[in-house]
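When the chains are written out, they are named A, B, C and D in that same order, and each has its own residue count from 1.
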């Protein structure tokens, strides 16, 4: 395993970044729960919550999973099935 | 040399066209036509058979010719001429099949639109598949039977569903089938054109009795049909 | 790591094939031999089915037994033979072809193999508790109501899917990270391209089938209502999830086979492959398009009618990259110096029979025709021309072609040719009549049929028995040649790909010195291309 | 991997991989996660299919605030994983051990929260076989919970290796790859939380 470490992400992302990302995640989740208890109309709920959850997922993937600093190839591997399954799910649902 | 190969290509193309034409017009692989849609489906089928015959004879012809013509001579251990590709040729054999399938797709789409065009005032027959029988209901008539009767030349809208597992309602002479799916009602449009008796088969594996889930459809004149209906009521 | 140390010792004996061994060559042989055993079982089931269908009327199987044999014939052939046997070729060949010592994850590789025998046993053992009888497609709700063997079937297919998935992770990682110096992507042998395209499909499509099988198993075991129509469940959902995997599965079963024949044509024509990049890219195109066509299996299902058109178009477009491959192969043998060895005969047979499967695929994609021939013997004939005439021919071509590499011994050419002729005649005799039967009105998966189809079915049954018999000369040839055939030299075919630039069989860790690649895999006919020298020079200072 | 590097010519083995900047273990993990996207995508498709085409009033029994707390727990566990990685990257082995232990505790807390929620729903009569909502809800969240459980076991083995000094400032790939899995499971929950409870 020794040689592998040269390839793994550099310890660049600092603890500060990790904590800031967590703060972001926590705030968004708080906002989500708040909005859910307020009881938005369906037409508002859908876009707002989708955007918020995508923001959270992107934060985790970009910073905690290091996609921001790692090879772009990993990002492509992760994004491709996400796009594919979105299209496929839509086709499953309307069929 | 060049003229000779152009000549050969022309001759081969003409031969292929003859083959395609003969295959499309002379090969009769379908059962009898007993509905309006059968005529349209068979036209499409014959065009496809003709095209397929051309492609088949061309490819198998090249294959057999090359295999016979380019055999290694005994004792020849050398390599053949290194040809890695030919852009023009590759473009041709990408573009021509693409055009053929687009044309076929377009034609198939037209036929599909035509055979699924809703007819004014169709007669509705409910088809229910059950392990392992077919039931036919004539709404408003209070008639439920296990043998399908239809008046000739009258547009029929089958409303196909199932009481248990998936079946598939198929009359080969009508050229078409529709799955009987529990929880769904699927439409299937047919206008019978021939008086006679044709088989009704189940085409979707539905259990041990699948093979025997058959009955028949009796296509008869309007008067005979009314008489039969009255007798069943 | 005591096991792999034992394997690293020269030879290692036959016992290593029965152990947890991490050498990709041992695993490859384990795959090939085990799956061939399943092929024989699947073939036996097929012959039982054909025997029942030799003449109309119930003969010796009742409907339930017939459905069990039929279901397990399909499942064994697809999940335990074609998919894993091609993975077996991938295991044996990919590291050799790219100039690597092993796969990226040798232990996971062993795991991929060792998942297969138990899964096979589970599937076959289900015969003792009422085997699966809903067809290999397991359409709900029929597959919810059948006896307990159906649950075992679902578990078995899930395990096999996992095995296939782990293999795909391994293949992609190996090809991306373990290529020898100078082995660029445009120098990869076309079989490796085929495995890459296949692995892409396995990674993206298999998990959806697994999810679907979870739903089936939950409905059966935990009483969930996914496919229970009376409670709002939806049987069409299963068809979507099933075909999203199972149509790409056809390409999973055909792309590596196309890779195998792409290796065979140049070697026995002594010519470079024609249109290398076009063939490689058409594999990728088929694999991407292959993910967009699944619902062409559902044209009769009563799904939203508007959705059918795009599926018809995408299905038909797949004919274009397929055509590119076929024409490129023909151009490869054109003007070559063809040697009719057994692998070359099977590879040529591949084109001629796969072509029939491909052309009839266009018929099935055309919705108006599909509405007539869907779920009939026309489909049975089509899929067998693709998978038996196509994939299995290519597998045989590969088995003969790499036999000297794998075993270090030559097979008997005469027996090989007998096998080819019997197989070719048998395939056409079995499946050609089925097209006609389907068109004329014979549904598939029936244990009995109207007497009008009697002649066609008798022909198919005779063909099937000829096919069954045709395996015998192969088995005899393989066993006797492996034990006592004449010793093979390192490169009997004078091939240029890397697997031939090492001993037959290759030593542990494949190469005495890791190769450095300086030219393409099919550079025949050039003064530099002397096998063993131009392509693979020892790495400096290695 | 041990077997591949055993021969001693790793330089040749990974030459091409290194040029692409790809580590084989991480590449393998990302490929596996890609397939996991499709697996959860399949289950989510089924969930959404029934949610849209057969809406059920039973989703009113879901308690957003309670589950929101559980979401916080899982998000925090993702933070402890990256903090553990940062610790070992500084050479702080004790930090890694502490953060891994915290991750395990948070993971267990999440599962306890989920079990509690399941029990509440069962008391309302919502079970796997009571309705399509029950079927899809329990299947989907259950399979996520199963993934958390696998993650906890993986964290335990990572912790075990950390205690035996298996990681160091120059060798922490095992922690990173475990982290990829854990964060992925977290992302799945972020999506599920929105789809099941918020929309």
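By definition in this document, a residue touches a chain if its C-beta (ideal position, glycine included) is under 8 Å from a C-beta of that chain, and two chains touch if they have at least 3 such contacts.
What you are looking at is a predicted structure, and each value in this text was computed from that prediction instead of being measured.
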Partition of the remaining chains by touching, absent subunit C: A, D | B
item: Pair of chains with maximal C-beta contact number; value: B-C
item: Distance between chain centroids, defined by C-alpha means - subunit B, subunit C (Å); value: 28
item: Cα-centroid distance, subunit A relative to subunit D, in whole angstrom; value: 13
item: Subunit B and subunit D, separation of their C-alpha mean positions in angstrom; value: 49
item: Averaged-CA centre spacing for the pair subunit C and subunit A, given as whole angstrom; value: 38
item: Residues within subunit D bordering two or more other chains; value: 14, 20, 22-24, 27, 31, 34-35, 37-38, 41-42, 45-46, 49, 53
item: Residue list for subunit B, restricted to those that touch at least two other chains; value: none
item: Sequence positions of subunit A contacting 2 or more other chains; value: 80-81, 84, 88, 92
item: Full enumeration of touching chain pairs; value: A-C, A-D, B-C, C-D
item: Residue ranges of subunit D touching subunit A (in the complex, touch as defined); value: 5, 10, 14, 18, 20-27, 30-31, 33-35, 37-38, 41-42, 44-46, 48-49, 52-53, 64-65, 68, 71-72, 75-76, 78-79, 81-83, 86, 89-90, 170-174, 176, 179-180, 183-184, 186-187, 190-191, 193-194, 197-199
item: Residues on subunit C engaged by subunit B in the complex (per definition of touch); value: 62-64, 66-67, 133-135, 137, 139, 141-142, 145, 229-230, 232-236, 269-278, 300-302, 305, 308-309, 312-313, 316-317, 319-320, 323-324, 326-328, 330-331, 333-340, 348, 351-352, 355-356, 359-360, 362-363, 366-369, 371-372, 374-376, 435-436, 439-441, 443-450, 523-526, 529
item: Subunit A to subunit C touching residues, read off their complex; value: 80-81, 84, 88, 91-92, 94-95
item: Residue numbers on subunit D that touch subunit C, as the complex places them; value: 1-4, 6-7, 9, 12-17, 20, 22-24, 27-28, 31-32, 34-43, 45-46, 49-50, 53-54, 128-129, 131-132, 134-136, 138-139, 143
item: Residues of subunit C that touch subunit A when the two form their complex; value: 203-204, 208, 236-237, 240-241, 244, 291, 295, 298, 303-304, 307
